[in-house]
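Presented sequentially are two complexes of subunit A, the first with subunit B as partner and the second with subunit C.
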Partner chain A sequence: MNQFTFESRYRNVLIGFMALGLLCLGITFAIDDELHTRFWTNYLHNSVFFTGIAFMALFILAAFTTAWAGWHTLIKRIWEAYSLFLVPGLVLMLVVIAGVWGHFHHLYHWADAGEVAKDPILQGKSSFLNPTWYTLGTLIIVGIWILFAWKMRQLSVDEDVNGTPEFKHHHRLRIWAAAFLPIAGFSSAAIIWQWVMSVDAHWYSTLYAWYTGASWFVSAIALTILTIIFLKGQGYLENVTAEHLHDLGKYLFAFSIFWTYLWFSQFMLIWYANVGEETVYFFERRENYPVLFYGNLIINFIAPFFVLMRNDTKRKYGTMVFISIVVFFGHWWDFFQMIKPGARHTAMEALAHHGAHEGAGHAAETTGHALEFAMGFTIPGLLELGTMLGFLAFFLFVVFNRLSRASLVPKNDPYLQESLHHHVEIHGDEGH
Partner chain B sequence: MSAVVSQIREPLIQGGKTYHQITEDIVSPTERAPGLAWVVAFIISVSALAVYVFCVAWTIWVGIGSWNLNRTIGWGWDITNFVWWIGIGHAGTLISAILLLFRQKWRTGVNRAAEAMTIFAVMCAGQFPLIHMGRLWLGFFIFPYPNTRGPLWVNFNSPLLWDVFAISTYFTVSLLFWYTGLVPDFATVRDRAKGLRRKIYNFLSFGWTGAAKHWQRFEALSLVLAGLSTPLVLSVHTIVSFDFATSVIPGWHTTIFPPYFVAGAIFSGFAMVQTLMVITRKVLKLEQYVTLAHIESMNKVILVTGTIVGVAYLTELFIAWYSGYLYEQFAFANRVLGPYWWSYVGMMSCNVLSPQIFWWKKMRRSIFVTFVMSIFVNIGMWFERFVIIATTLARDYLPSSWSYYTPTWVEIGLFIGTLGLFFTLYLIFARTAPVVAVAEVKAILKSAGDQYTGPDAHAHEAAHKAKAH
Partner chain C sequence: MSKESKDVLYGLFDDEQILLNAVDRANDSHLDIMDVYTPFPVHGLDPKLGLAESRLHIAGFVYGAIGTLTAFLFMTWVFTRDWPIIFGGKPYWSVPAFIPITFELTVLFASIGMVVSFYTVCGMAPGITNPTLDDRITDDKFCIAFDVTGADEAAKDKLKDFFSQSGASEVNMKTI
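Right after this comes the complex of A and B.
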């Protein structure tokens, strides 16, 4: 079956999960503190995470097209569909932007004019960290991403019908893909500084953008594996075989290690130099969020490293489903630990100011001591899981919708035959 | 590798070669007397090597005082050259290991020469920490072993010691990898040779006969070495970057250093491969094996890594401002606008701006532009290390100890001397071993030879004709 139909039974299940997500968000809002910190951090966390996966899918397509990769041709429609989630992703971020202007939330320390007035460090950054740049940055950068996603999808789909023997579409696609790479390199850094790094508004790290990029990349690959195996289970993508899965498994393995490399580089250099302005970031996480801090490494490095090391595990559907779920959840967890501690700190200070007449200096006290356990901050709770499932269902709803609009097989792609006959060489594997 | 190859791919072996012709073309340069160009180049290189020997002797006899280092600027040209050479020593193993993983078949045309270059570059790099010790005969102090000096142990907390391990491991594995690939090719050379020459190549090829068992062990060893090399390629320059980034010197202590150094190393490594291959393919008439498609692919790698390095430069600048940290802001303002502004300009224009010319296909496929650009990048990457090292040290926390550094003739002589060492070794290599991996090129003939693939493939037509007769 080359044509995916978005059947009503899929639709209903996804709508069910989206309802669950909304319900969880609603409950979170209701039981939250007066600034609704848990609600807003959950919202930002999932919006950034899934928008980032859509961006990474586009980046993968652009990189593979530029590198003349052929093996992925049979699955490229999935990444095209992922990349089109950038449109709803932008809408999700617009809500955060509205919150910055309307002060619905206290996600960002720098968005609070009263705080900035007292804080020389924030004043120094205020020409970058301000509502106008946050808005413009998001609109322009995600807008450009959407333009590329839309254009590359359009060329790819048009090739199915109007493909020429000279592969005109493909040659144009190469130009768009190559042009996207430097844009992606510069813009993803600029936007992640605003969206996530500025949650810890005082703290900075030059590696941060590449670190989060690697996290998005691994999540995108893990979700791709899950989507492929689901579609195969439904009788689609019959030409996608263990060979393609094997290559995706290699990516999952290699980039899990790459992510760890970046994690280690960032942590080790800060730990070693021991500059207080920098170590505070990790100190806070290690002391007050040990489960997040150590769990991050166990889920995202140790698990994929040992499971994916062998060749044969990358070719088994069951194992791949298992490890993809683990790693996907792991990088969602990674973003959770990037956002929650900083936002909680900001909120606690703001709450202390709100109640200043009751007992001033409460915030100063709390920062010195171990923080209390708080569900939804110290570890993700059931509400966070439900919210994540809701966002995931929303993501897949958009993806399936887009998948159903075009053939699953890019019929006139010049590399189609390579992908159909793809075979991974396994060295030292005699007898097969 | 799939046997089906898209016709959109350009063939990587041109001229409708047969297996025998491949052997003939690649091995025969080792069997002829060297041409005039080689002899002239060799004389120049050995002369430069003599300069090196003299300058090392001078340094050891007179002492490190013959360099212009001072209390403020403890690292100058020496460590700049060290990092520059280590960076160049990245392309070989990257091509052998990482491009192998990514199934980039064009690697077969250049991997042998690139690996050789890697080994020679790492040898050049290794000279500098040793002569920087001043008392070269105490060089073995860097090894941790129970000793009678106290016992006085090396400082395990120091990234400089990690460097010793990282680089010696990298050198060992690269050498093994390179030599393993050479074994079947040495056997090919042997099979065509007579007399003493035959005996020498028989020894070098470990008596290789090409038996199935030999190939099986060869494959197994190659796989193990490829697996080891992949993390090693990343680790070497990562640890070199730690030499700087673990410190608390503004401009050095920044978290992006590890991956950014690795990208820069790949960048400079490919530039040096281009410099060498553009000449080698011409002199040895290997244009049908190192084709314009190969050169174009390498120029693309240069464009990508140059731009990655550009992202890192701008990230550093931006975060220095963003940090709100006075010293960090000063360090970067000083880099761009301080007394060494010219080196920053040199770095930016050679590494980030000039490679952008490769957005045009015509430029990517121009031999002249490629060669000029490869020299630009080599210069730019040298400037990058100079910018990081000398300009940062020249203006430290204490304005009273600020200084300005220029090299003495000894330091310049040492740098030119290592170029002599490098090219002497490369020229010997180009005379004695096949500079393109014969066995590997043969392995891709049917999936990348122009008679089998590409828009003008004619192999199937020939087969049809043969059937008809």
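Right after this comes the complex of A and C.
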């Protein structure tokens, strides 16, 4: 079957999960502290995570198209559909922006004018970390991404009808793809500083954008594997074989290690230099969030490293489903540990100021001895999981909707034959 | 590996697909192929020849694990027992500082171990030249070779027939 139909049974399941997500967000809002820190951190966490996956899908498409890759042609419609989630992703981030202007949340230390006035470090960064730039940066950067996602999708779908066996039509796609790469490189770093790194507004790391980007990349690949295996189970993508899965498995393996490399490089330089302004980030996590801190490495490095190391595990559907779920969850966990501690700290300081006259100043004691355990901060709770499933269902709803709008197989892509005959395993049989 | 010379009857093919068909045909007529030489790895050839998957990567994993342990345990011994020095106010046993060297030694042991294993298994070493049947099999020709040492003319004729039927572009004899 070359045409995906977004049947009502998929639709109903996804709507059910979206309702679950909304319910979880609602419960979180109701039982939250007075600043609704848990609600807003969950919202930011999932919005950033899934918008980033959409961006990475576009980046993968652009990189592969520029590199003359052919093997992925049969699955490129999935990435195109992913990349179109950038539009709802921008809407999700607009809610965070509205919160910055309206002071609905205390996610960002720098967004509080009163705090900035008495904080020289925040004043020094205020030319970048301010509500105007946060808004403009998000609008301009995600706007450009949407433009490229829309244009590359349009050219690709147009190729189904007007494509030629020569590269004439495909060449236009290549130009857009190549133009996107440098833009993606610089703009993703800037948006990561604003959306995620500025949660810890005093702290900065030059490796942070790469590390976060690698996390997005691995999540995007893991989700791609799961989507492909799901679609194959439904009778679609019959020409996608273990050979394509094998290559995706290599990406999952390689970029899990790449992520670990960046995580460790960032950690080791800060640990070695031992400058207080920098170590505070890791000190906070290691002392007060040890499950997040060590769990992150186990799920995202140890597990994929040993499971995916062997050749044959990358070709087994069951193993790939298992490790993709583990790694996808693991990188969601990674974003959780990036956002929660900093935002919690900011909120506790704000709460301490609010409640100072009521004698509730104990919340500001964040160093010296361990923070209290708090579900939804120290570890993700069931509400966080439910929220994640809701966002995932929303993501897949948009993706399936987009998938159903065009042929699953790009008919006139000049690389289609290469993808149909893709063969990586030297010991495998010639026939499929 | 015997030192005695062998008489080898070999056919050269111009294309990998012709070669794969010829291997099938040889298997069907129960001809005992000595070896097949190709300028690049041909997909699907190994199962036809009944070759098992290489175990070199298992050896590689073991070498790598030895490298990991060597580096980590040696540094642990040096910095906690043999010659403890405080660097930058860090504890003697500073695991993060060991990681880069542990990684490097893992890679080094795995790569050198695998190269040495591979060379040993293939009977290669500096100064040893292995005879090639034809220099073009390293360039653009695909070769099927039969060991015909001590074979009678009828058997050789049967092999020559096989080559002519399966599309070999050239058939030669060589003693190696």
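Assume the second predicted complex is superposed on the first by the 415 of 432 C-alpha atoms of A that agree within 3 Å, B and C clash if a C-alpha of one lies under 4 Å from a C-alpha of the other, contacts with A are read in each partner's own complex, and residues count from 1 in each chain.
Please note the rule applied: a contact is a pair of C-beta atoms (placed from the backbone, for glycine too) under 8 Å apart; a residue touches a chain by one contact, two chains touch by 3 or more.
Predicted model only: the values in this text are computed from it and were never measured.
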Between subunit B (first) and subunit C (second), which, if any, makes contact with A:8: first, second, both or neither?
neither
Go through the superposed model and pick first if A:124 touches only subunit B, second if only subunit C, both, or neither.
first
The answer to whether subunit B or subunit C touches more of subunit A is B
Once the structures are superposed on A, label A:311 by its partner contacts, choosing first (subunit B), second (subunit C), both or neither.
second
Pick out the shared contact residues on subunit A: the ones touching subunit B in one complex and subunit C in the other.
268, 272, 274, 423, 425, 427-428, 430
Going by the contact rule at the top, pick out the subunit C residues touching subunit A in the complex.
20, 41, 43-44, 46-47, 53, 57, 61, 88-90, 96-97, 99-100
Residues of subunit B that touch subunit A when the two form their complex
1-9, 101-104, 216, 219-220, 222-223, 231, 234, 238, 242, 245-248, 253-259, 300, 304, 307-308, 311-312, 314-316, 319, 322-325, 359
Subunit C-touching residues of subunit A, taken from the complex the two chains share:
264, 267-268, 271-272, 274, 309, 311, 423, 425-430
Subunit B-touching residues of subunit A, taken from the complex the two chains share:
66-68, 70-71, 120-121, 124-125, 128, 167, 170, 178, 181-182, 185-186, 189, 193, 202, 204-210, 250, 254, 257, 261-262, 265-266, 268-270, 272-275, 277, 414-415, 417-418, 420-423, 425, 427-428, 430
